[in-house]
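In structure tokens below, several structures.
Common to both upcoming complexes is chain A, partnered first by chain B, then by chain C.
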Partner chain A sequence: MCAAVFGVGTVGAVAVTLQSPAIAQARQATAAEPFAVAVRRLTESQYRNIVADLFGADITMNARFEPEMREEGLQAIGAAQLSVTTSGFEQYFALANSVSAQVIDAKRREKLVGCQPADPKKVDEACTRAVVTRYGKGLFRRPLTEAEIATRLSIAAKGTAGVGDYYEGLRLALASLLMDPEFLFRVESAEPDPARRGQYRLDAYTKASRLSFLLWNSAPDAELLSVAEKGDIHKDAVLKAQVARMVASPKVRDGASAFFTDMLQFDHFDNLTKDAATYPKYSQKVADSAREQTLRTVLDLTVDQNRDYRDVFTSNETFINRALAAVYKVSYPSKDPWTKYTFPASSERSGILTQVTFLSLFSHPAASSPTKRGVKIHEIFMCEPTPEPPADVDFSKVQALDKGTVRVRLLDHMQNEGCASCHRRSDPPGLALERFDGLGQLRTLENGAPIDVSADFEGVKFTGATGLGKYLRDDKRIPACLVRNVYAYGVGKAPDERDEDYLDDQTKAFAKSGYRFKALLAGIASSAGFFKVEQPKGLGPANPPKAVATARLSQGGPQ
Partner chain B sequence: MKRALMNTAPIAAVVMLLAPQAAHAAWTKTYVIEWIEHASYYGAKGGMIDPGTDCSKGTNPEPNWVQMLINAGYTKEEAEWIRNPANPERSAVSGNPKMAFRGKNRASVYKDPETYPDPGILEVDGDKAEGINLDGDATNGFINAITGEPGVDNKFYKALGCWKTFRGPKRMSSGAQTVNDPMREGSWTMVIVVRGEGNDPMNDDKVQVGVYQSGDPMIKTGDGKIVEDFTFTIQPHARNEGVFPARVKNGRITSTAPVDWMMRDPSPGAVRSGLEILKGQIDLTMQPDGSLKGYFGGYRPWAPVYFGWAGFGQVNEVLTWIDLPAAWYAMKRHADYAPTPGGEKTHISFALRVDAVPAFVRTPDAKQEIAEVRSYKAEAPATPPAAAPRPLAAATPAAR
Partner chain C sequence: MTFSRRSMMRGMVGGAAVCVGIPTLDMFLDVNGQTFADTGAKVPVRFGTYFWGLGLTDTPDGGSRWVPKTKGKGWEITPELESLKPVKDKVSVFSGFRVNGDGRPNAVHWSGHAAILSGVAPSRGGQMDAPSFDTQIADALGVGTRFRSIECSANGKTVSYSTRTGKSFATPEASPIALYTRLFGQGFQDPNSPNWSPDASIMLKQSVLSGVAEQRRALLARVGSTDRVKLDQYFTSLREMENQLDIQLQRPAKAEACLIPTRPDEKPRAHSVDVINANSKAMARLLAMGMACNQTKVFNFVHTPGQSETYIAGDSKIYHQYTHDEPTDPKLGYQPNSSKLAGLVMQAFGDFLVEMDSIKEGDGTLLDNMAVLAFSDTGYAKIHSLENIPMLIAGGAGGRHKGGYHIASAGEPVTRVSLTAQQLAGAPVGEFGAGAMKTSRPITEIMA
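Then we have the complex of A and B:
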């Protein structure tokens, strides 16, 4: 019985997900009504944060989420291209059942359900409606339509009737919400802008979600939803007040964490392997610790201390644990699992480029790679992607790992003029990091030869990791790239030439703030450009609105 | 004030130049023990049980268990039934408990080994061994299998070196693996601190070596070795600790005086409350790769060794191919040290082979890197007193 109820809902949910673009397209024929402008799949961390925010941090979520996709340097952009496979939906299905079961279990029921059925063996529509309405609003990031509520009331009634247990029916209704595409996808929609005739704007709930996912990496809280519901979020002063409130919240750390996790490409840890004979100290524990170290370092500098963002390239302040201390060959000075640590000047370590994360992620399994490191410095921090190498490259000279230093091997490799143009650009910053091997351990020799870490990068000469850090700190592309990434991360699309003026303005404001990351977040989140709607192709100017809608997609969702 | 200070600076410099310079700069090297096993020299060219220069007849063979029981007075049918896997008396953990009762008048040989005649065991018949010359007498003992030096005192090896538990190439004997696997998986940790007063760690006449416990587990590398450069804090222990006066010559650290000390017993089947080592000495060599290899030696009580193994019952005998009272008699036969002059030889010379890798070692509060070798016993939490060694008299029929 229960399976039958779910079976219909499940298939319906997938179908709607896959049809969403078509539905959105169809709705564009009537431009006076809200219409979908973007669909983004929730990331794993967003899913987890929303469930934790709504039901409590003690809800266990054991699941394997489908992989995310990086586009234009960010997974946030790739999320707009993702769907759900059949096996992926099986995971959502299992997770929805697991989470809903925990919500109604004996130890949480009283707190989370909030009402009691008149008879625990029979349907209680009032209680079910209250629960579905409350959690549906949190999960969908907007109030549920009456049709959406009715669907869940029906599911709950059938479930209760089938097993003679009210709570089992309620569980099924909650699970139905948790596997609904309106929860699993961020459906952004636009509506005619009453203040600008012929123009469109994001609707109130979409604005609220953009804010909360950028700043908190989670769904809007009750206050933000309330502001959206009243339409006040369209008022500049109210918007700025909400942004200020959210940036001041401890949850901004979650938002910053998700952003830097994306920008710094931590997803490469999922595929990181090291040759055990070459780097015996490498282990999964070291990899996990390295990721944690870099995240802690960046969040400490940019959020907790609110320091100049560019300090991430020069600061020798960090955090370590015992596993990392062994890799860095330093004595671990604490009995706690993690401790704050300042590298001495003699360590040659300053900035996140000298941490195990960057050094090991962008190396080969058994060797360092100045090229990989250089390419990623350009790509991640300067927003300058490097073309893929030609298919017919002869790598034999650079792969002779037992001969001389990699600098010499690369010079040989660059005799191939087809390779030289890119390597001249990518390799210098990478060569400056060559005193760190493929795991990130300090060394002075390679195959018995002294390692030269001098660099001539775009006409500027510097030496070693410290010199590179200072160079990057002063490079104007660094803050501009961060601005570009924050904006692209928030709106879910790569900026184009139409965004250049906006990004220039934001970059100037960022500089004026002293390159404070939280100021950048607030500046972008409260700017009109962050919410602008590009007129879809084939759609004319907006018609005058019949009314300023607060609810959108009123017929949406699985019925 | 500032000016006054500036004026005195040249004077201070002159005073410093004239003052006696510190003759030495102290140094400290710290390690974690990543392998420890009885120093059993394996004289075969290959294999695990082959005849060799240590044991000319190879490893002590598996006894005929049925015949052993018949010799103890059981009928052939009874003996075969005791050994029969279908016998419901058998325990998955300890085998058939009736195997214990093969002493005189069905006494348990695990409790009273001397109720049973010495069944004999193959003993080491070669002249080489690993270990330390404990008594300084080069005229007795084995020839050092590594250095060729005479006088190695290791009667424990003489008595039991052909037993499967201890015999095999380095790190390969079942006893060594039984002990080291849990240690390397994090069950327990020992660290070594070497502190010298001179300015050359390779040659220093004033050295102290501390052997301490740590509560921090070791971590393995991707290829199964122990991670170097890991950090360990000393865990003060009321008993298990050793502080040795020593010297270093060409990187070889040797005791300058014997020390009575205790350590966590790394013997297979050992009682974990601690191993007492009398007149203990060390012989450790700093290796070019930064590691430390060598020996702990001394005299250990031998009776607890037997009762430790006996505690595992018949399973231990079957797995390691020994009629266990043979071990009792062998150790008793070769015991070579009486703590009380002229008294009973309750102790036997032995050595442990030790491999250690570089590690950071910090004070118990983790606030500082260790920079001295001293006793931390006074800082240890109270622990129950060590179980008193079972007096030999209690296990010998003659004394009853």
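Then we have the complex of A and C:
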């Protein structure tokens, strides 16, 4: 690990990473056996979708899932770092018990269990086997091994014997499947590639799961599993046909929804608070509505209307409800809970950056923040992260907030070169949005002074939110960043130098499609690059040799 | 948020680099957990960490709003430690301790507490390069209680710095109602109930887990080292769940001080300091009762996160902004609003300790049988200082902690205080930390 020295006062440490020798070693040392390329915790929405797909959308899942972790811009990448901690395990356990109880309850039993025990008080192995095999395959995204089935048969038998109820035994077996790490984690596996000696490929079920999690945010359906089972998924034509089928399915909306929820960082809503005195209109209802508004807008444009992705920065078509109409200060024109709404061209609302979601998420509790907004525009839409501010920055020139506009105060940052190099990038697009306060309400004055929304950004001058939207729509980093994000999201890994040519090709294809999001999904999902195998470090026996243990840095031990 | 080297380069504006090599993954392998755990049952002390964000206020001329002038026993109350007055003699104050980064960058609002907890400056923000030591204390002390440890976050955000893997952090209870439900909701058994009988459904629950544990070896055999650490955490959580169920099958030992609290009200989330402090106090009371009722012996409490966004209701500026932007008042010699907020934030810690001290246990109080290590992410927040990070140890630790001392150091590593806290908790630890922060010298002056 490489880093800048403490206290040197550098802005953004240059890190020089060496190609890890461990990767090369592992490559040589591995025998021709299947191995796991990655283990990623299921996200909350994936968990929910899989359960709903298998057992029905009416299954109640009342639980608090552990937070996701964002890395390299996406939670899908962070998911590879996450495990299940104690309180998370408790939640899964309660959920497994509750879901399994609902599956065997009186109103669902007949439909979901599918077979009847000869005697409802006694063990019926054939019925249990049928249920465990069927749902096990759906939950694990692959057929269960005989040992895995046997374990559940035994749990069911003991449970039934213990309480004299067939269904209670069956419930325990189902709960056990729901607690299995192979359900809760996506264990992606590689196997020797018969077509290329010494090389590996993702196994058929892993490929099927990658497709279905990207395109549907859920487990593969029966058809996809069957294509995997036969091995046909390795054939290019079959793969393309499956991708076409999946992108044409209404479930692609679930896939797109999960992707944009991740990319647009809606998780910040979980921790959002606003000062009640400053923004009396803010409520949880407004926050929930804003989130839904942005998601509806993006899905409508990119999936339902199949429009140019870049329209999300300029389109004034959106959806609102009564709570949002109040914040936007427009009359609510419908009797329905939600309605399609087009802001007039003269309004300053066009594109998702002018919606409450973006404007309120990236603000302070009681004030807007051009810097936060600017940083997020770079990070989310251009894939350009901003380094942490220098640790030893001198803020002494920065003045109090109760006079004039924030533009004047931010100019102070420009007097310090350590600050200016970043603020020059982050602030102009943020300042263009300054006519929206920390909740996203339109305003023209700040502390009594008129707000200037002109921007000089990367040598281009524009004005206000509309100008910013147009600027972003035509910026070539915008589509390239989306391509990077879809790919990284799908493979659960940040791209590196070796992926550059691949991403360039995908970006060109995306442009050629007229920037259609569904075409991008299909292009990536049917490309070889999407199924590339990289061997993880440190493959080997489960118990590390003693030498490793003694080499670890001391955390203390018995005295 | 973290980004790769390549993405950093794009957004990067210049700097210098040095490479340091510290093996990381090996530090997470669970190699001596068992020996540690075996000694646990003998230790009756409770242990907790208490974290607040943004440090305390120093002044540009080298002064401080919190460091007492008196060294050794009998420190005098300072403006920002005013709230500790009622329990002052049970608290030791540590000033002048610092994080030595071994050449690693200062990950602002992160390096400080990451180093205190893991014993090594982290290689990047948001992660730790070794487990936080509270997890090892929990393994030692947590035997025999329903929860090995309980995590709380009083600010409504899901923030915890307790980690076994360095990347997966514990999920805290983030409201009084959530904490109440965890401690006293389903699965709670009243230790003083005269009518106890084992719940038969628990054995059925146990059988669900039996199948899962069996696969451990096969699964671990085909994964890489990073994934193995992650799955190890999963299986640790599984064992903890099994332990919880085992305990529920045993008649709970009587607990005189245990009084089941009433269910708190659900409140909307807010981040102003008055709301956070009220939450903190309510959660302290619940946690105290959770310990008095033998539900846990270990906790990790976060008042506000590192880059604290708390604020005084109605003020448009958050605490974090004040620490950086607020000029030093020329007459006062310090940042008045920052210092005021620091005092308000510390009020919650004073209240927390008073709650612990209000529960009688034997001849003393719950606090007398606790060791609480309280600390922040930074020293003087205006400059993200990793020097003079405020640290406090509160509670009598069952007679092991003398209390009432001010230990002033001239830049020794924070790990010395961490090690001291571990030993006060009764953990059999002789050495803590890595690299320049490795230490085997606890601060014996405060140890009885």
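Here is the rule we go by: the second predicted complex is superposed on the first by the 494 of 559 C-alpha atoms of A that agree within 3 Å, B and C clash if a C-alpha of one lies under 4 Å from a C-alpha of the other, contacts with A are read in each partner's own complex, and residues count from 1 in each chain.
To be clear about the criterion, contacts are C-beta pairs under 8 Å (C-beta built on N, C-alpha and C of every residue); 3 or more make two chains touch, one makes a residue touch a chain.
Just so we're clear, the structure is a prediction, and the values are computed from it rather than from any experiment.
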{"item": "First (chain B), second (chain C), both or neither touched by A:179", "value": "second"}
{"item": "Chain touching more of chain A, residue-wise (chain B, chain C)", "value": "C"}
{"item": "Which of chain B and chain C A:445 touches, first, second, both or neither", "value": "neither"}
{"item": "Partner chain(s) touched by A:460 [first = chain B, second = chain C, both, neither]", "value": "neither"}
{"item": "Touching partner for A:528 - first (chain B), second (chain C), both, neither", "value": "neither"}
{"item": "Touching partner for A:333 - first (chain B), second (chain C), both, neither", "value": "first"}
{"item": "Which superposed partner A:345 touches (first chain B, second chain C, both, neither)", "value": "neither"}
{"item": "Partner chain in contact with A:378 - chain B first, chain C second, else both or neither", "value": "second"}
{"item": "Contacts of A:244 with chain B and chain C, given as first, second, both or neither", "value": "neither"}
{"item": "Touched partner set for A:161, first chain B, second chain C, both or neither", "value": "neither"}
{"item": "Footprint overlap on chain A, comparing chain B with chain C", "value": "276-277"}
{"item": "Residues of chain B that touch chain A when the two form their complex", "value": "216, 219-223, 225, 227-231, 233, 360, 362, 365-367, 369"}
{"item": "Chain A residues touching chain C - in the complex, by the definition given at the top", "value": "1-8, 10-18, 26, 33-36, 38-39, 64, 66-67, 69-73, 81-90, 93-94, 96-97, 148, 151-152, 154-155, 158-159, 162-163, 168, 172, 175-176, 179-182, 184-185, 187, 189, 270-271, 273, 275-278, 284, 364-367, 378-379, 383-389, 391-396, 398-402, 421-422, 425, 494, 496-497, 535-542, 544, 548-549, 551-559"}
{"item": "Touch list for chain A against partner chain B, complex", "value": "274, 276-277, 279-283, 285, 322-323, 325-327, 329-335"}
